[in-house]
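Next come two complexes built around subunit A: one with subunit B, the other with subunit C.
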Partner chain A sequence: MKPRRILALADKEVRHVMRDVRTLYLALAMPLLMLLLFGFGVSFDLEHLPVAVVDLDQSTVSRTLRRRLLADDVFDDAGLYASGAEAERALVEGKAAMVVVIERDLARHLARGEHAEVQLLVDGSDNSSATQARARGELAVRAILASSTRELRIAPAIELRTITRFNPSGKSAVFLVPGISAYVLAMVAVLLTALTVSREWERGSMAQLFATPVTRAEIVLGKLLPYLLLGLLAVLLVIAAGGWVFDVPFRGSAPTLCLLSLLFLIGMLGLGLLISVVARNQMVATQLATMSSMLPSLLLSGFVFPIDNMPTALQWLSRAVPARYYVSGLRGVLLRGNGLGELWPEALMLGAFGLVMLALSTARFPRTIA
Partner chain B sequence: MSHVIEVENLRREFGSFVAVRNVSFHVERGEIFGYLGANGAGKSTTIKMLCGLLAPTGGRARVAGHDIDHAPQRVKASIGYMSQKFSLYLDLDARSNLQFFGGIYGLRGKALRGAIEQVVERTDLGEHLTQTASALPGGIRQRLALACAVMHRPEIVFLDEPTAGVDPVSRRQFWKLIRELAAQGTTVFVTTHYMDEAEYCARIGLMVDGALVALDTPDALKAEYVPGTTVELEGSDLQRVLGAARQLPFVRAADLFGDRLRVRFDAKGTDLARLEEALRRAGAQITRDSQVEASLEEVFLAVVGRKEAA
Partner chain C sequence: MNTLGMLWAVVLKELRQTVRDRRMMALLVAAPLVQLVLFGSAVQLDVDHVPTAVLDADRSADSREHARRLASDGTLRLVRTPSSDDAALRMLETGEAATALFFPRDFARDHARHVRPRVQMVLDGSDPNRANVAANAVAAHLRTAGKVDVPSRVLFNPGLSTSIYMVPGVAGMLLLLITTVVSSMGLARERERGTLEQIQVTPLPGLLLIVGKIIPFALIGLLDFALAMAVGAYGFDMPLRGSFTLMLGATLLYLTNTLGAGLLIASLSASQQQAFMGGFLFMLPAALLSGIMTPVRSMPSWLSPLTAINPLRHYAEILRAVLLRGASASELAVQLGALAVLGVALCALAGVAFRNQQG
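Showing the complex of A and B:
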């Protein structure tokens, strides 16, 4: 293994990249674009949910309840209805996603310290909005009722105080951006190398390389190094954009982030190399690359679907998906401010995956052209 | 060690197809060795095995003193290879291509710059250095590819159909370079199917269907396969008398080359007067005759003919 030869290969690769703007676009612009698309598109945040209110009480308390409910951006006014039946029609017609029915004697029941009822009707056809709408609705109603009972100096039986740390406002961008970053980087990294080696096969220049003293490991490393730097640049861009556009915090240390990213990139670039070594043609390589990076990184990384909720078999499968470790590593570094002290298992798994990929790429790299 | 390439019973099969059948030969240091044959005769396969690109299925070969099976890395460090398919990096400029191949062969810094300077001067590429390889005309591309293959000063350079698809003027220039290389002591192993180029080779191996059927200097091959003298006749109605010419007892072969009739006599002597008289009697007008040297094309046809007859 001669550093001089690896350097020559890496240098040539850089020249290819400089000549071909598409590679730079793929490596730098694509991740940013996808981050923005996903960041704005995939949001579990509930805002502007139309709410209809049926106020049968018509008291100060009930009017305050409605006003407070509609005060922030979460709920929009979908009208005040006289009867439950009318409001339900609004629900069926899709004009309202939630209906709040305030019973006739709410104010009186509260004043007497009696059992008081507010009914929430939720459109359950969109399950995730329904769950969040219900939770937000309950929270709002309880808060308002609590404050009005406090005015009436009645002590509630038990008060539950929940504190959500690291993402207190429950913004989904903060939770999603690390996942999106991992997903996007996984895809781009695999594509970058999957195409470069297969391009060499298609051009016929691989035969020329094989006639030189260059070894397989040197080719693998020479191909890896430039894209590692490019990938790292993409990581920093994506993280910076995440912080700037989506207010994702950066609580950990930059070296930890770089180390995790480097290990993750080695694995994904290595996977790309392996694909192009096996595929030998750009079409097949592209398909293999997207299949092997996109689906696992999307479905099995814990980016969208929590791994703990998966069937056991899928949970096991997810252990072989590097994006899983990178997603949890990124969340650790960015949101919890973790260092290697907490994240060494992630680093270990990412490093192991990278080593296996590089070893496999080298081993499967043919020695001869036929 | 005088033989820079030694090949013994080299064989390559692809499934049931035998591409190279037990070929044996050797190449002297500093000679231009031509490897001739039709497409698919096994020339490229032989070259690929000698360059360590393809493992033989039988036999052995030593290139620059190293066994191609046991020390392919050493073989590769001692050779230059220019493949049939143009395999430079077309998106890079000429200088980048040279820098890359120099780097791959371990050159760096001053040595690399020196090697580039020298090879550029030898191949006269100076004005094209900053041009993208894809923008270069075919002949100059071939020169650049040759420059990339020899800039590390290998003992042997393998050229696989280096002039395929190149115009005649560029071919001539290219062969001038090849002769200069050989004069400086580099052994040149070249395949071609242009018979006129083969004349430049010190020795020629002829391949037919994977077998090496003839190997010698061009003159010796001509003497063996195309004996006797050959005359070329110009005139009219020559195609009509072709059959008559072939029946004459002292004529070995008669063929039309364009509008000329080429007649080869028996080794005994030239019966030109008798030939012309016989042809006139058969109805042809002969305006001019000239003695010609046998061409390698005729050698090739004779070799193939003999092989088919056997």
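Showing the complex of A and C:
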């Protein structure tokens, strides 16, 4: 293996990239665009949920309950209905996502210290809101009734003091942006090599390379180096944008971040290379790239959907997804202020994945055309 | 040969060509199925098993009982017992635990004397949703809630199964992938290879040729849709409460949107790579801003009006409403109307772009 040949190949690749601005768009503009889209578009915060109320009590207490329930941005007024059946109709039509049914004798029951009941009907077809709506609705009803009726103002038996670390304001974006960065980079890194090399197969220029004395490992490294630099640039860009637009902190060590990003990029670029070696045509390559990088990086990396909640088989499968380690590494560095002392297992797994990908794509690289 | 016969000839040729390419067929049929099963089973939106470290300085029967009961309802999962305060905070830093609970030394004594012992909870807030759920669970356990019952009943999806919720949305996304991204790449490949020009010298009118080329993708899309519905029904117990005809009609309406977009992208791009980028740039915002994964309501107020021009949003709403809520056509008039308007607009744009590019 001669460094001079690798550099020559890398130089050729750089010229390709410089001449074809679209690759630069793909590498630099696309991650930014996606970061913004995801950062603004993906949020689980419960807001503006349309809530209908059935007030069978018609008392001061029930009217106060309705007014205060709809006072903030979480629940929006979706109308007052006379009966439960009418309100259910509103659920079917999608006009309301939750119905609060206040029983006939709420005020009297509360005044006498008897059991009082407020029922919640939740639209389960909108699952992402339903779970939260139920919990928030129950807490809100309890809190409002407890503070507005004197009989319920009982001091709790045990005092609870909670302290939130790392993201005290509880913003979704701060949690999601590190994950989004990992997802975006996984996708772009795989696509970069998957498309550029399979295009070379389609056009037949790969055959010309084979006529020269370069070895397979040299081709693999030469193809990888320029995209590695481009990828690192994209990492910096995305993290800077995350900090600037979404106020994501940077609490940990920069060298650890660079090391993790480097290892992750080697793995994903290697995967792209492997795909293009196997696929040899762009349409199949893009499909394979979507299947093997975007989907696992979205679903099995723990970026939006927690791994702890998945079926056991999928939890095991997620251990083979490099994005999983990169997401937890990024969150560690950015939010929890970790360094290599805490994150060495992540670095180890990413390094191992990178090595396997490089070895596989070199081994599967045919030296002949037929 | 009459127009219909010519169209049929083109469709037949395209179908044969696609079916013969085994790898392509595998990707067009198997890949969507894998995606559907993954989305259906991997996505769990409810939070449970939050790893929790309990540091019990009291070591009394009372404090142990509280810790045990907290762990037994499924929201929290107890992990290794830390040796000191610092060790517990350290577990938060390494991510081994997401919450730490501290019971004070005289917990049992104070509790018995009604002195109100103070339990402290430290949360890892990096995942706000998880932190909230854990805090609520502990608060609900430690604070006696008074004499108000707040029972809740979940309609349409009583078990709050995420699979049932995801399958309709993912089906819409798969249709988009095949009928927009793959079809535009297929057309762009013909342009790259120059085979489009070869056929243009045949007596076929240009638009007919394109329609013929696009119909096979619509058929494959419909096949995938049928597969998705079957997997949803048999694999995840997804109900069909509304009318099947309404669902099919909405799907055909949606296909005019996605195929129009595919043709538009193909007309605007010169190579497969461009077509893929175009398709991608169309599909990504469409999927994200559709409410498939996260609610449209939670988006910032400047962003949510934009979702009105997103066909996938309307289609996913229709599918969910028909499948889960059993909604009728009149209740979905807004969404159906939006799909029709968008479909006409996209097809018209595609027609204009195609003609310009021929010219």
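The criterion applied here is as follows: the second predicted complex is superposed on the first by the 259 of 370 C-alpha atoms of A that agree within 3 Å, B and C clash if a C-alpha of one lies under 4 Å from a C-alpha of the other, contacts with A are read in each partner's own complex, and residues count from 1 in each chain.
FYI, contacts are C-beta pairs under 8 Å (C-beta built on N, C-alpha and C of every residue); 3 or more make two chains touch, one makes a residue touch a chain.
Given the structure is predicted, the values throughout are model-derived calculations rather than measurements.
**Student:** Tell me which partner A:K2 touches in the superposition: subunit B (first), subunit C (second), both or neither.
**Tutor:** Only subunit B is touched by A:K2; subunit C is not.
**Student:** Is A:H16 contacted by the first partner subunit B, the second partner subunit C, both or neither?
**Tutor:** The first partner, subunit B, only.
**Student:** Between subunit B (first) and subunit C (second), which does A:L121 come into contact with in this model arrangement: first, second, both, or neither?
**Tutor:** Touch partner of A:L121: subunit C, not subunit B.
**Student:** With both complexes superposed on chain A, which partner does A:S276 reach: first (subunit B), second (subunit C), both or neither?
**Tutor:** A:S276 sits against neither subunit B nor subunit C.
**Student:** Touching A:T362 in the superposition: subunit B (first), subunit C (second), both, neither?
**Tutor:** Touch partners of A:T362: none, neither subunit B nor subunit C.
**Student:** What is the contact status of A:T212 with respect to subunit B (first) and subunit C (second): first, second, both, or neither?
**Tutor:** first
**Student:** Touching subunit B and also subunit C: which subunit A residues?
**Tutor:** Dual-contact residues (subunit A): none.
**Student:** Along subunit A, where are the residues that touch subunit B in the complex?
**Tutor:** On the subunit A side, the touching residues are 2, 4-5, 7-9, 11-12, 15-16, 19-20, 203-205, 207-215, 367-370.
**Student:** For a test of understanding, state which residues of subunit A touch subunit C in their complex under the given definition.
**Tutor:** 22, 25-26, 30, 33-34, 37-38, 40-49, 88, 91-94, 110, 113-132, 134-135, 137-139, 141-142, 145-146, 152, 154-168, 170-172, 174-175, 195, 199, 282-284, 286-288, 290-291, 295, 299-300, 304-306, 308-311, 314, 328, 331-332, 335-338, 342
**Student:** Quick check: in the complex, which residue numbers of subunit B touch subunit A?
**Tutor:** Contacts found on subunit B: 14, 48, 51-55, 72-73, 76-77, 79, 81, 83, 85-92, 96, 99-106, 108, 158.
**Student:** In the complex, go through subunit C and note every residue touching subunit A.
**Tutor:** That would be residues 23-24, 27, 31, 34-35, 38-39, 41-51, 92-95, 111, 114, 116-133, 135-136, 138-139, 142-158, 160-162, 164-166, 177, 182, 185-186, 189, 272-274, 276-277, 281, 284-285, 288-289, 293-295, 297-300, 303, 317, 320-321, 324-327, 331 of subunit C.
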